[in-house]
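Structure record follows, encoded as structure tokens.
Going in written order, the chains are labelled A, B, C and D, and every chain counts its residues from 1.
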Amino acid sequence: MMRVGVVGATGYAGLELVRLLLRHPKVKMTALTAERYVGQPIWKVFPSVMKETDLVCQPLEVEPLAQACDFLFTALPHKAAMDVVPGFIQRALKVVDLSADFRLTDPNAYEEWYEPHTAPALLKNAVYGIPELHREEIKKTFLVANPGCYPTSIILALAPALKNKLIDHRTIIADSKSGVSGAGRSAVLTSLFTEVSENFKAYKVAEHRHTPEIEQELSRLAGERVVITFTPHLVPMKRGILSTIYASLERPYSENEILDIYHNFYANEKFVRIHPPDILPGTADVLGSNYCDIGLKIDKRNKRLILLSAIDNLVKGASGQAVQNMNLMLGLEESLGIDIVPLYP
Amino acid sequence: MMRVGVVGATGYAGLELVRLLLRHPKVKMTALTAERYVGQPIWKVFPSVMKETDLVCQPLEVEPLAQACDFLFTALPHKAAMDVVPGFIQRALKVVDLSADFRLTDPNAYEEWYEPHTAPALLKNAVYGIPELHREEIKKTFLVANPGCYPTSIILALAPALKNKLIDHRTIIADSKSGVSGAGRSAVLTSLFTEVSENFKAYKVAEHRHTPEIEQELSRLAGERVVITFTPHLVPMKRGILSTIYASLERPYSENEILDIYHNFYANEKFVRIHPPDILPGTADVLGSNYCDIGLKIDKRNKRLILLSAIDNLVKGASGQAVQNMNLMLGLEESLGIDIVPLYP
Amino acid sequence: MMRVGVVGATGYAGLELVRLLLRHPKVKMTALTAERYVGQPIWKVFPSVMKETDLVCQPLEVEPLAQACDFLFTALPHKAAMDVVPGFIQRALKVVDLSADFRLTDPNAYEEWYEPHTAPALLKNAVYGIPELHREEIKKTFLVANPGCYPTSIILALAPALKNKLIDHRTIIADSKSGVSGAGRSAVLTSLFTEVSENFKAYKVAEHRHTPEIEQELSRLAGERVVITFTPHLVPMKRGILSTIYASLERPYSENEILDIYHNFYANEKFVRIHPPDILPGTADVLGSNYCDIGLKIDKRNKRLILLSAIDNLVKGASGQAVQNMNLMLGLEESLGIDIVPLYP
Amino acid sequence: MMRVGVVGATGYAGLELVRLLLRHPKVKMTALTAERYVGQPIWKVFPSVMKETDLVCQPLEVEPLAQACDFLFTALPHKAAMDVVPGFIQRALKVVDLSADFRLTDPNAYEEWYEPHTAPALLKNAVYGIPELHREEIKKTFLVANPGCYPTSIILALAPALKNKLIDHRTIIADSKSGVSGAGRSAVLTSLFTEVSENFKAYKVAEHRHTPEIEQELSRLAGERVVITFTPHLVPMKRGILSTIYASLERPYSENEILDIYHNFYANEKFVRIHPPDILPGTADVLGSNYCDIGLKIDKRNKRLILLSAIDNLVKGASGQAVQNMNLMLGLEESLGIDIVPLYP
């Protein structure tokens, strides 16, 4: 049984990893870290896992973790991740890192949007972890940079259109809406129930840090430099992202033509569901699952393609995709532990 | 004291009219109609107005209403409105109609998006009721077509940009998000709490009936035919609309240049608030009030203008604006009865 | 592989059965009925199960169901259930019925709270399906009356106290709070998002139909006739019940004494979690799972015991417990298909 | 025009005072304090009041406030209030204090539930500010202790029953449910949207600090020492309290008898609404208003009275009642500035 640890287990992505790993048939959770809760069993922090595990939160120390685990998930804030991941790699652990630190292949881009990179040598080995697009590289690497939640929803929705040159990439606008868990488990005013409920607003308009990783992947797909407009919004709900994406069509395709292209592109993908024209994706339809649901419409009056893409930001947008990557890295069946029916209503 | 009636008082726009008229210092509510509740005091339908009024719901009959009232709000579904409004006009009542029936000046456009129009003669007298744009005509007419909720948020946000030719109108995309009260007080599956809460989805993508009235007003402002892409979404909240609107700039303006233009355009408007660059509008900031809050950002990497516009869909998006129109039609001070501080949180 | 059908698959309890059965390792779903959706694949009704099943909704006809299935869940309104269950029993199917129709052993009690019973002969065979209290009888019967959601939360919380005569049963007050899915998937005004969100209210105070089944089971536990006060409330959330239960202590026990009794009573029960004194149960901690979380406090100033009991009303309060009962009736491991980690947040 | 200041203006009760005072016809807001935001206009903290006021947050310093104001609301945490209120009183300001510091007449009770009292001399002058029960004393005092939110809902509901000796006070159980704004505007984990939404739980069971003030007032009404059981719960909503209160009847009254007594008791009270038997109070029916809605049921099988009492915790439960008290203290018409129609839906 492969021994797996979660570094940063008491954030929401961390807890979601715990939820998934507890039911994974081929790996065993052997270590959890959480600086704030050292010495406490995780079920005291989250009574949802009472009677499920007796694991106790330990400090983030490389050596004990390297001894206790064969594989690690690092669910830390950016910067904190690149401080510790090299140590784990040196001790021959495989790592899926859920932070932004290894997502950008270009350290200058990282510096532009974040700060100077302190482990640039690892960037060439890090694979951007969307299995539907980079499966073979993921299987071979020891370090996966798990994608951001918004990027996952946007890149999966645009991939078939860009790959097949259906759209003019200079016209791409991604208007994304996220539940509040995307802001993490931090005690900040702007995440209070009283500030968020019955409220809807945009934030970080045209300046969100997920922009460069979205553009990096879209550029790969398009074969040329893609620059988009990206606007994130906060929705009064706990989980879920819906991205509404606009782009001008290169020629007047019908909806059925494009649907065929999408069905073919994702024909063998278990976790992508292409919706029929009369059913639009909603975040509640993927709750708790690793699905990415994609729908599309054409605005005939403008020759615009409108893509709609729904994920659970903590599953396909974070921890579910992370487990999917782990399965590939360990040579396991890709859907183990994440083959979950959405919880509705 | 002007005597005012509300036709269709037990829908949400109807109840909101009742709330506002109960505190209006210069008019008196004298009649309410509601087919489903004939004979019942309205406070038994809505205990929120218990001890506030003893008015009883009566049937929708032209003659008794014409005798009881000098002024009418018709808050009926489309089609039902144009069946009765001509009768009220003939009896010399002034009317603010909250349906779609008198918003489109072109009866063919109405037929294309709705059905054949049965009172086209009135269309030339009906004024589209956004006071900030049509104040003088509203003062003189006897029939105001009260705008849709989405159109109000979108038109007010775009007016200064179009009037000043800041943007290429062929690139306009309006991505709007509405609370559930916009769907009305109808017992339908898709409005159930269980279907809506923790859910976010688009609906009627590129085919919503508010499209033609938005384009009619934007075309007036631009001085030429404007065709947009419009995507409405449903947010798990009761009230509020936020529209995020994208358009390419005609030349590389700075945010401050554009803010100046917006401040000038709305300099004398009590109910429009232009936000400073560091504060983005949110629907909770206008709850229960007649304000339209507008913010803007420029995506410099794409030369796109991003407008953000927040209203309470039942106030500035419906009944508050209707009272604002009534005040103008009756020669009263424009803000009477609707000068309300938003309820936060 | 045992073949299982769900009668009434498009209510919320029905869909929850579908969710659970799709991952059950030892049974196979072979039939779904839903009068409103005959001929439609269930995934078109609930896109959450797209790519999960191609089963099509069929009409409720006894013969085809009896041929397609070895075991049936009937998730119908009361009255409708007792019309069809006898037919299934005659054809030698085992049945878990989720309605109220077979919960009361006394047909007069049923008539008092509902209407005349039309299948009273079956009542003596029907076992009230709380496995923690009636496991051995459930294993042997062909008809389980699956308990109501409120009763499950209240009976499990009170069982150790009544069995051990810790409390004066004449003082029992159960103040229960439920999410909106408890009202079912019916298009009624009172379940609209706009009516429920930011609202909290009681309903059917001291007259809810779950009262007689609660009292029947509490009387069994106490060994004498128990009459309680029961007040249900509606909470603006989708899932979850929390019951706060009050009773006077027979003598001044300490919290630890009572906790010991509770721990012993449920020592071998996988799905009951007794909380330590410093952690109170919350509905979010059991979301999507079959757990019943129980906490308790003593009000020393009044010698009252206060019990707090949380379940997911659609899982332990309905479909999860139904599957638990099926497992017992089929001689399977009791937790198969329902051994789920709660989804948090 | 009376000059009024708000000390602690950027908590939720503080902002609610600002909202109400902005529309009060007889007083003028002249000072706001907020340590965290000194030098900032309040509309930058709360964009909801943009264009409504230019007042800037100032530090909490007695002398400048005493010069700028004739009347003060202190909306501070307990302990902080008793540190500054004596200074204001010495400078001849009248004060409504919204903290707990002057609510208990007995300094020992304060010490038992909070900490040693540092201004006990003022306790004899402080009037407990429920106008419906203490109107004449409020008119004459210079210091009103504004009641807690839970106590307001519970005391108003029980007053007629206790005063008329309808119930056995030893059996009183108050099961209260509050929206999250009751926890204040503090960045704490337990108030995050992600922790509260779709969650329902009790807290501080049988140990909440509102207990002694509830019992103090109930004892006054009963004419003897009353000890109750009080359980507060957190509801996933922003505003509103519903208290469900149980007590055994002294003799078998009918609902109509008791309703008559309640109607008589509150016959002249503008802000109390006694519901008819077929309509139960809900928190949404009082949103934004100063109403307390009371309903009742008798559980005939147990001879128990069940009272239901709904308020907006920030209005009648805090700032609305505070303004009501100010009006009385200043000899103004009692409902000025708080005569608001609830916002529904």
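One rule holds in what follows: contacts are C-beta pairs under 8 Å (C-beta built on N, C-alpha and C of every residue); 3 or more make two chains touch, one makes a residue touch a chain.
Here the structure is a predicted model, which is why all the values come from computation and not from measurement.
Put simply, the chain farthest from chain C by mean CA position is B.
Should one ask which of A-B and B-C has more C-beta pairs in contact, the pair is A-B. Averaging C-alpha coordinates per chain places the centre of chain B 45 Å away from that of chain C. Between chain A and chain B, the centres computed from C-alpha atoms are 39 Å apart.
With touch defined as above, residues shared between interfaces to two or more other chains in chain B number as follows: 12, 181, 194-195, 197-198, 236-239, 281-282, 284, 287, 345. Chain B makes touch with chain D in their complex at residues 12, 15, 19, 22-23, 44, 46-52, 181, 197-198, 238-239, 270, 273, 275, 279, 281-282, 284-289, 291, 293, 339-345. Note for the complex: chain B touches chain C at residues 12, 180-181, 185, 187-189, 191-198, 236-238.
Taken together, the chain B residues at the contact with chain A in this complex read 173, 175, 177, 179, 194-195, 197-203, 205-206, 227-229, 231, 233, 235-240, 242, 244, 246, 280-284, 287, 297-302, 304, 306, 308, 310, 345.
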